[in-house]
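Take a look at the structures below.
Below, chain A partners chain B and then partners chain C, in two separate complexes.
Right, the complex of A and B next:
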């Protein structure tokens, strides 16, 4: 039976929302599982059939991970060494989540700020004065295509020699450099959106170059730079490989800390891991909330109203 | 006192020449319009005066002082852009006082001037709005106000009305004219619209392919075009231009094309025969009732009220147009005779140059 045009549109819109809903579930499920697991008591981590929403919510995972509280009783016998009666290894405060949180905040925050600051300045030069040719811009992006693993060996050798191995500075520099290409490319796309004529209008009205950038360009690309900032922050915040291999004991970051809850001889302690993961995620969510009014504009690119 | 002089101005982009050896003196208080098809170099010329483009060679002088190396902000200019280029993140009032703030004018001065100019261009009711909430016409008034507020000696306007619809364009055109009369400042106005050029200019500079083709008052340009290009560019509906050949017939010369045969007036008798173009403006075509042989059938009849346009099919792609008084009754298919007064004929040679008697 033939549908009228408005029926067709309605059907299309229903189908579209159905697909988006399914997609949202797929994307959101791991998050749901992470948060759910973090509140589950030990026996429910891998129980079958799986427990979707626990009936015995507990904060113990959080307490153990974040507050170093070990309140094991005999009921949790699985985690008491049967021979010695001592707590098993992974619960013995080897983990230092707060140190890791501090390190991650400094490293990711600093590297991202530097990358966005210098990246946007470079991007302005490229957008307005072609200081890098198109070819150079692609070469810049190509730097990101190099698998980090091939860089590890030379970088750790250099870092050892110049004393940057296992230092915060070392990781900041490395993260700054590896995210610079993204920063340049993303912020360039926002700066390109600001019409030249707007800057020229300011200039001919008597504004100096810096004043023009400060009063005209910056307010118009702010949302874009904020989006760039968050994008790079997420990358550096969750970077694992370089952090693992270039730091040993001193400079522990959150993703590395997370790995310590895995693969220990006692099996995987998913609840603790989930509690830590939630802790790792919260700062990003928090940053996202603070800057949310910029994000919708920033991530939709074609943003400047002409 | 402000006088803009362009001397041997040239601009190349790679291997293309955008402006070629341009010489032009713009007098104080003059309203000059640079007009031509897109790519003719008019905007490039304006942007060189503004200081946004560096000339490849040649000089730009303001009041006898060479300004080639001065920044745009040091040239005592105001500019209105085609895109208006309002700052979307500042409200209308902040847009307007921007130039004053850059000059570190006091708050009182800013406020006073803001009210002066916003009354001058009639936008006092818009001051607290954001540019995004204003219509195209309002935006252009705001852009004008923003430029006026710093009282520059020269105003550069780069196709300021081309993004507006026809009615607004007429309205703002009158506004430009009024402002020029009130301010007595120099206006350099770029447009591709011949009508704007005709109505606004004290002097029109017609450009094509980076060069000045003709300069003069609107009436001069209209009544005495130097070439096919200029003749074709000015006038609406455009001049009838018929390609054909000038042939010597004994003592006199005759113009012949597939559709028309016209005896060339006596005063042209010394011209060289050959290929060329015959031109006559639609309003100079005399339409009379047919008396047999030389009659033509009217194609389309387009009554415009005051006038009526009559279209005639010809061998060329462009129909031949005649304007008659709106009170005359004509109908499609009616046979009429067309005659052309000698004094209104324009003859062009095969290079498009005007043939003079």
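Right, the complex of A and C next:
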């Protein structure tokens, strides 16, 4: 039996909501599980059947991870070593998440600021005066796309020679270089959209090129530059490989800090990992939602037109 | 603007145009010099060091007490191209390349299919569109290493995924998603797909939203079916965006490290040992810096070739697109 047009539309609508909701569950479940686990007492981390929503929510994981509060009793459901009857070691936190948070903020913030600052000036030059050809602009992407693992060993030896190993500067330089391509491309896409009349007016009035950039062009694309900044911040904040290999003890970043829990031999401490993970993820989710309309632009190299 | 340009083109020798060109040149080098110096300062020594270690067998254990360059020199022994020959004979390396390619291809296609499918369902406005959009981009905003560890909490033997599967199927399922050789790589691939489907999704959403409406309307007035409009109008117009989603994702997936390393360190056995993981293990676990350097050089050349190919295709698409959008070609120099 043929369906009328409105029936067809209705079926489509129902099917669409069904599919989207299934995907919503797939997306949301890991998030839900991460947040849920961070509030679970120790005995519920591994229980079978798994505990979906804990009946004994606790802030202890957060207290141990973020506030270094180590008092812990059997009544709280701590793991007890069966032989000695003592609390097992991994109920204690030996980590320094606040230091890692500070390092992550400084490194990601500095590298991103530099990349956007430098990238937007370069983008101005490309947009207005073609100081780089399109071919060169695409070649710039190599900085991002060639996997850093292939050069990281000699870089780390070189860094050791010149005293940049395990320093904030060392990581900032590399993050700056690897995020520059996206910074240039994304800020160029904003600068391209700004009409040139104002610059020409400024030029006629006798403003120098740099003054035109500072006082006319960059202010006009301010919101675009903020979007670029936040976009690059997402990339630098989550970087793992370089941070793992170029820092030893002094400049641990949050992703590396988190991986130390996994490396511990005492077994898995899901609740603590989850409590730390939530702390790492929340800032990024905020940042991402602020710039959600611009996310596509960051990756699209001027290939998505409006 | 146009008037000014024509003027300049007509009188190229005019003092004003020449000084303007000089000014632009000066500006260009003022901007580029610091960047090029910084690159040279980091990359040249790195490439040189990589070359040295791949031609001289270096042993970290025979390093003396001297500091600085000399210690490396004295702990190294000339071996010529031996290490490179070894790399090409290395079966473990070959297997790692195959794994990397499989992983990258699988996750790229997975991301693309899910992302494009969702975008097709969602690009026209409907109730709740904004809310779904916000949720759907969340995975991309999660730090990869967090995804790896959260993935483990969900996938391990007594984890919720096995429980949910058991409840749905009515049988007791206790699959070891991560610690079984046959499926470990596929599992990581699905984590990667979960992580990066939003990437294809947002790109395809933006691409679909930017499509010109007129050709579609014209076709539908002429009586073309939805399918035909999709295949013959929308899809060809989307080609640049599709290429973009596929190429970028493939390149990033080739370099994937946090999930494969953070979660399984290449194990079980060597089931998830992709190229980056193999280089990592050689250099930082076996401390075989020389063999690692030779491996890295080969991978570097390989990846540069792959990236350049990808860039070539992207550039071609961009050029076609520009030609299509600007009937009058823009001022190019």
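Keep in mind that, in the parts below, the second predicted complex is superposed on the first by the 212 of 306 C-alpha atoms of A that agree within 3 Å, B and C clash if a C-alpha of one lies under 4 Å from a C-alpha of the other, contacts with A are read in each partner's own complex, and residues count from 1 in each chain.
The definition used in the following text is that contacts are C-beta pairs under 8 Å (C-beta built on N, C-alpha and C of every residue); 3 or more make two chains touch, one makes a residue touch a chain.
Please read all numbers here as calculations on a predicted model, not as lab measurements.
In the superposition on chain A, A:59 makes contact with neither chain B nor chain C. After overlaying the two complexes on the shared chain, residue contacts for A:207 are found with chain B alone; chain C is out of touch.
Looking at the shared chain after the overlay, A:198 reaches chain B, while chain C stays out of its contact range.
By the touch criterion defined above, A:237 reaches chain C but does not reach chain B. Contacts of A:274 after superposition: chain C is touched, whereas chain B is not reached. In the superposition on chain A, contact of A:290 is made with neither chain B nor chain C.
Of the two partner chains placed around the shared chain by superposition, chain B is the only one that A:219 touches, whereas chain C remains out of contact. Taking chain B and chain C in turn and counting the residues of chain A each one touches, the greater count comes from C. Across the superposed pair, chain B and chain C both touch chain A at residues 200, 304-306. Interface of chain A with chain C (complex): residues 13, 16-17, 19-20, 23-24, 26-31, 33-34, 37, 45-50, 52, 118, 121-122, 125, 129-131, 134-135, 138-139, 141-142, 145-151, 153-155, 157-158, 161, 173-174, 176-177, 180, 196, 200, 209, 234, 237-238, 240-241, 245, 254-255, 258-259, 261-262, 268, 270, 273-274, 277, 280-281, 284-285, 287-289, 292, 295-297, 299-306. Residue ranges on chain A touching chain B, taken from their complex, read 195, 197-198, 200-208, 211, 215-216, 219-220, 304-306. Residues 50-52, 71-73, 75, 77-79, 81-83, 85-89, 98-99, 102-103, 131-132, 143, 146-147, 150 of chain B are the ones touching chain A in the complex. Across the complex, chain A is touched by residues 1, 23-24, 27-28, 31-32, 34-35, 38-39, 42-43, 45-50, 53, 68-69, 72, 114, 118, 121-122, 126, 128, 132-147, 149-154, 158-160, 163, 194, 199, 202-203, 205-207, 210, 240-241, 244, 248, 251-252, 254-255, 257-258, 262-263, 276, 279-280, 283-284, 289, 292-293, 296-297, 299-300, 303-304, 307-308, 310-311, 314-315, 317-319, 321, 325, 332-333 of chain C.
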